[in-house]
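For reference, chains read A, B, C and D in written order, and residue numbers begin at 1 within each chain.
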Amino acid sequence: MTEPLVSVRGLTVDYEVDGQLQRAVDRVDFDVAPHGALGLVGESGSGKSTIAFSLARFLPAGAVISADHLIVDGVDVLSLGTRALRDYRRTRIGFVYQEPARALNPTRTVGSQVAETYRLQGLRAAAARRATLAAFDDVGLPDPPQLVHRFPHELSGGQQQRVVIAMALAADPRLLILDEPTTGLDSRVEAEVIALVGRLRRERGFATLLISHNLPLVASHAERIGVLEHGELVEYGEAQDVVEKPQHAYSRLLVDAVPPLDAPSRPVVPSHAEPLLSVRRVTKRYGSALALDDVSLDIGRGEVLGLVGESGSGKTTLGRVIAGLARAEGAVTLNTTDAASKVPVQFVFQSPDASLNPRRTVRQTLARSIQLLHGETDPEELALSTGLSPDVLDKLPDELSGGQKQRVAIARAFAGRSPLVICDEPTSALDVSVQAKVLDLLVELQERTGVSYLFITHDLAVVRRIAHRVAVLRHGRIVETGSVDDVLGDPRHPYSASLVDAARSLRGGTTRSVPITAAA
Amino acid sequence: MTVTAALPDAEIAELLVSPRTRSSRLRRWRVLVARPSFTISAVIVLFWVFAAVGWRLLGLDPFADTGQRLSAPSAAHWFGTDRIGRDVFARVLAGAEPALLVGPFGAALATALGSTLGLIAGYRRGWVDQLFMRGFDIFLTLPTLIFLLVIVGAFGGSPLTIIIAVGILFAPGIARIVRAAVLVEMGKQYVPSARIQGESAARLIFRELLPNVWPQVLVQATLSIAGAIFISSSLSFLGLASAPPSPDWGLAVNENRTYLQAAWWTLAFPTLAIASLVVSLNLIADNFREVFRR
Amino acid sequence: MTVSFSSDANASVQASARRGLAVLRGRHNQVPRLIGQRLLQVPLVLLVVSVLVFWLIKIVPGDPGRNALGQYATAEQVQAWNEAHGLTGPIVERYFSWLIGFVTGDWGTSLIYGAPVRDLVIERLGNSLFLGAVAFVVLVPVAFALGALQARREGSRTDRALTIGLMSLASVPEFVVGVLLLIVFSLTLGWFPIQSSISLDGAPGDVTRALVLPAVTLALGYLSVLARMTRTGVLETLDSQYYRTAVIKGLHGAPLTVGHVARNAVIPTVSLLGIYLGSLLGGSAIVETLFGYPGLGALLVSATVEKDIFLLESGVMVTGVISLLALLLTDIALVLIDPRVRFEEGE
Amino acid sequence: ATSTASGDDAEGSGDAVYRIGITEPGAEIDPLTVADSDAQLIAGLVTEQLVSFTADGEALPRLATEWSASEDGLTWTFTLRDGAVFNDGTPVTAADVVATFDAIIGEDSVSPAKSAFTGILASVADAGDGDVAFTLARPFSDFPRLLAGNNTGILPADYEPGTWLDEPVGAGQFLLEDYKVGQSITFAKNPDYWNADEIELDGVELKIYKDPQASVLAFQAGDIDRISITPDVLATVDVDDYDTLSSGYSYFYGIHLNVTEAPFDDPTIREALAWAVDRQGIVDNVYGGTAAVGNDYPVLPDYLPQPEGIPQREQDLDKVAELLDGRTVSFTITTSFQLFGEVLQQQLNAVDGFDVELEVLSDEQYYAEGADSPWLNAPLTVTSWGKRVPSQYYGLFYADGAAWNAAHYANPELARLVGDFDATTDEAEREGLLTEISQIEWADVPTIIPALARSEVLQSKRVQGEFIAPLDFWSGYNFAGISVEGK
């Protein structure tokens, strides 16, 4: 056996909270081989990100980290001086941060932020620019020469995430740490990105640490998998073993919770004479770029319309137009009869992080929503109904894990009775077990209250679970609509077909076969 | 091996309160009170508040001639005496009254006015913004002095007048800063999130946006206190208004500045009084920020 | 009930036409628009200000004739003097005659100095711009550096000490700070002249020596506020995820501070800078008075107190243009620094 | 010469320049209308008057070499100096003198000097042979003093009012070389001055300090050669390092009591107030000792004659108690001189029976135009008065209907006595009349004059020679015999 690239023994991290230590990671041991790939899975708050940051030795003030040893590429990370630490970060590791929207500096173009990393590697300006364009291309960003000049807020969520990946790869690291790198991506791009990472890993010879709550995804990439629960590594072994013969109860839970792609879909809702929502010939431009191109669709009462499409296809934009948050050409008509629903459309935003006011507690947010939407519940009840424990109520968004934030965002939309809820990837940040629960919840809520959803997602399994009908969006155009079974089972449009294929292949193999590049 | 991460000073670690805690407010208060810079500052501010309210009860006479002109600090006159023989200690304590009237209230008025207008301008943008901003521009362009002269000329130099003058004078600047901060906040998702729930503009402005621009507002508020205390002194520097024999700190600074070389105590103690108040308020604000971060 | 969100097609077409090429979208286009808009608004603002000044100065106590002729002149003489100097008659008429004169370049004669207002104002303006620019150049880097240092060491002794120092400084009025500086550096050490009545064409050494103390006093007056704002801004930035990302990238030193901290931290401070720049360039009455520096600020104070309306109006117009330009600059800077900032009504 | 940096390049070039700090003149400079002392100084260095006075009150011939009054005291004839020329080279003639005074007393004159001559000077005429005849409306024995008043510098007959700064004309000691508005004014010696031989200076520089503290610092640093003594200057500067020039009495502050309204319509209250004031305290606290205790009549101590035998008022609390008889008097002091107001208020509030408020106004507010101007209407005002002869003060603020009679006081007896006094030239008779006048003013107390102030200055030791009189218009800003160490 060769010397491992990463060798961790007895890693323990405590956060200092009001003068008391709270353990986040408890004596964790693992290795990563020089070109190896380790996957870490675990529920929200189990310490995954903390481990990732420990490897970069970048923990917030107040964190105390200790380990018997923590070696990366022959470097004893915990003993580095300031300068050495800087060099270590610059040359040995790449880091893909969990929340791309916040990992990018809002005041600078995305291109300059990636080029900066190349400059750090010693490239000259022109070379760095060229390398940036190439890297954008590599991670599947459209039209790089134009995109590099955009600011983060002008990109779609998936595009932002890809920029962050490109930025991490630019460092040409020995160890690439990916902390939930694909949460915002559709299944096809997700697969592509993972394949890309896998390919680059082999080509350039770096090791990866992939963190995700998406077990199939991790399994498709990693050789070994570690399962974390409450800061402890409860299972650690070959990927295949973990997925096929999970030992620990929690691992089993994770495996079982993966939504099957061929589960029975919900029957189509018999169409009313008058749809709840009708969108006619909506066109939206950002500058000269078309984000929506002549989109028309209907949603019936009590119907869930799944909206799928690759990243940047205009899903969020359509949602915003329907909600009245963005102006566009065309007509959006909502026929509500329920006079009580003062606020007819609710929105669960793609990035819950930004959609919660950082200075208001969960309780304040929920209470206000209940008030505004004339709900008949109270914050406690609302929190419980979305699987939030009541003690989060007095926390501020920054004190919540990603999953919790998303649940707050969902809870908020259901604070009252709005006939239409637009869910923009509401489960993308959730770990599978929670995701399943939330989906159950959303279905239950929908059935109980009879609202309609426009359900935006890139996860076809999720669509199958929740949607009655599905619409496929590509480059701002609806390329296919129909029942879930029709579109997913027998896609007519080649683009739909490729989406379905990608999803299947990613899930089909539970070992680390990488579907898209399998031929290679 | 144990490494404390990214921590310049062990002391801070102890004082820093991390997010994601279950800690109660009470606990944070305890941390706050344990910090010397907070406690001392609080004591100083309280001291001045008591002085402002209760100096008469102490039997001090800030107006009488003690018979000794410009005598240096001594046991009889702790802070010495001034050019017409008044006890500087008595004057400094009594001066807390006008200072605490004009400073905090003037600053509060300016901050309330400025941040409200700034919030509205930044939130509404478009023509409302243009209208407000050009309105502020008028105030920023109009010489301060004319403004003060008109106000003081028309209404005299009473504390109330000065408070109003400070309020009107400082508001446009604060408004601009708040507006700039709001313009940035408007780019964040929580604004449409609230709007889509049918949140009213007023609540959006004051409940959603205001807490997020609060740090800037707070800085402006604490800083305008000193400015407010000085309005009267600057006015009297330019020979425009004065209210002798008021022991007002600002006025004292101007009245005695010509004795800087000859009788430093007449100038130093009122200045120290102002500084102690302003510094304390700022330190209190700092500590709050650090302990109740987020 | 039918709720319709039918959108305004026209507006969005216009919007897209305005924005032009995708690459140039947003900020590059906002700037010319901003400038164009402001060029229309600035004269309007000035017009309002000039009317206000003309009207408000009436309320200011004092009478130019009495000021000129003193205590012993009779009321009739004062009246005659005022008449001779065109200070009587309907205010509207006088305003328009001033306005027409001003626009056509005839700014009138100063009542106090008996000199042409235009020469007086233009000369002083030059001096004020010079001093203000020097003070600004001294002020901004120092304030930013101190604020940043404090933020990096938040809660430390350095931070506390600087807070105490800066806030104490903010608690001492300019005219005391200035006198202290004069006593130490001019009287005791003899490094700088007591009075800074300079002529800008003098020997560079002399000009510099004369400028140091007023510029420093001026800068100190704004230092604490600016440093404090910077501190707050930097603190917010250091809390951000993108800052952490940049650190993990291995960035450090200038690229980190300039690229990922300075820009973002400076956003809330920018509008303050505009106000400061305006007031620095427009002259500071107190510093000029203390140091005898021939700037616009003190001139305007004299003009106000002595009710020299022609001098005052022209001076106000000139300083007004300066401060409005400074404010415009800040708005431009804001757009350039933060691409998210939009001045139009949001979508 | 421009003044850079410390502004001492005049010294640098080796010139002997006397440097004075002034505050900014508050109005356009025209010798005929200048009103504030700084503007007067600027004009006075360039222009020359007919006569001037020494600190002791002795008359000095300037453009006039001799003068005399007619028997009836109604005509004064002044003989002009031969060979005196204006700085543009034209000789000073009787026509110029006539034109100057016509401009002052003329119908449409805006010269503040006009009020000094109103009711006294009827007309001026060229009497031939270089003589000028002044015809008076009533006899006025102190007439030559009026010719040393402000605005009395002789200007050419063709002088156009308002053009002086363009062409600073005059027959005085210096030539105005450079006027930098708001900064400094430089003067060079006038080689054609009639007394040029005695002017040893190469020039004078007036430096403008807008802030008094700046001028103290400048004086300490040696940038200027003189500074007026005030309490803060005395406290700050080491007096021994400088020469103290104790010049004549030149002004006082009068406390005017409105006798037509409560509380000061009651003479006992006015008197009580006069006995309550601690005059020495005012001399010390307000003037830093550079004043004499006053006795409520406006006769400066260096004026001749002096009233005799009127008891000096001093603070006498028993008398106050007796006069007030248990009453408590409340009123407000209105003034633009803060220190005086503060000290007075402090003194009175320390006396039983007085409850005094203070209102300090800016000069502009205090001397506001209009019928309700504070300085002429408030119940108790404190106003400054410059050097005058006693009967002029009568005309200023005691005479019934006088424009500045803030006390609203009237006494026909006093009017008669002042008329007699002005008409008399006999010294003994004048002393008697002045005593009677002063006695009335003392007893009626329309105005309390607690102190009479001297202009005292500190002067750098580099200055040699003694000023004959203070630098003031009545002394003709006389620089004869003054020199400074060159460098």
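In this section, a contact is a pair of C-beta atoms (placed from the backbone, for glycine too) under 8 Å apart; a residue touches a chain by one contact, two chains touch by 3 or more.
Note that the coordinates shown come from a computational prediction; the quantities given were computed from them, not determined experimentally.
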{"item": "Each chain counted as touching chain B and chain C at once", "value": "A, D"}
{"item": "Distance from the mean Cα position of chain D to that of chain A, given in whole angstrom", "value": "88"}
{"item": "Centroid spacing, where centroids are CA-atom means, of chain C and chain D in whole angstrom", "value": "42"}
{"item": "Whole-Å separation of chain centres (CA-atom averages), chain B against chain D", "value": "46"}
{"item": "Contacts with 2+ other chains: residues of chain C", "value": "60-61, 175, 179, 183, 267, 289, 305, 338, 340"}
{"item": "Contacts with two or more other chains, residues of chain D listed in rising order", "value": "213, 362-363, 365"}
{"item": "Residues within chain B bordering two or more other chains", "value": "12, 16, 153, 187, 239-240, 257, 260-261"}
{"item": "Chain-chain contacts as defined at top", "value": "A-B, A-C, B-C, B-D, C-D"}
{"item": "Chain B residues touching chain C - in the complex, by the definition given at the top", "value": "8-9, 11-12, 15-16, 37, 124-127, 129-130, 134, 137-138, 140-143, 145-147, 149-150, 153-154, 173, 176-177, 179-181, 183-184, 186-187, 215-216, 219, 223, 226, 229-230, 233-234, 237-240, 250, 253-254, 257, 260-261, 267, 271, 274-275, 277-279, 282-283, 286, 289-290"}
{"item": "Residues on chain B engaged by chain D in the complex (per definition of touch)", "value": "63-65, 69-70, 83-86, 153, 239-245, 255, 257-263"}
{"item": "Complex contact set, residues of chain D against chain C", "value": "2-7, 24-30, 33, 35-36, 108-116, 162, 165, 180-184, 207-211, 213-214, 217-218, 220-221, 223, 361-365, 367-369, 384, 396, 403-404"}
{"item": "Chain A residues touching chain B - in the complex, by the definition given at the top", "value": "15-19, 22, 57-69, 78-79, 106, 153, 320, 323-325, 342-343, 345-347, 349, 351, 354-360, 368-369, 372-373, 391, 395-396, 398-400, 409, 412, 415"}
{"item": "Residue numbers on chain C that touch chain A, as the complex places them", "value": "1-9, 11-13, 15-16, 19-23, 25-26, 240-242, 244-252, 255, 259-260, 263-264, 267, 337-340, 347"}
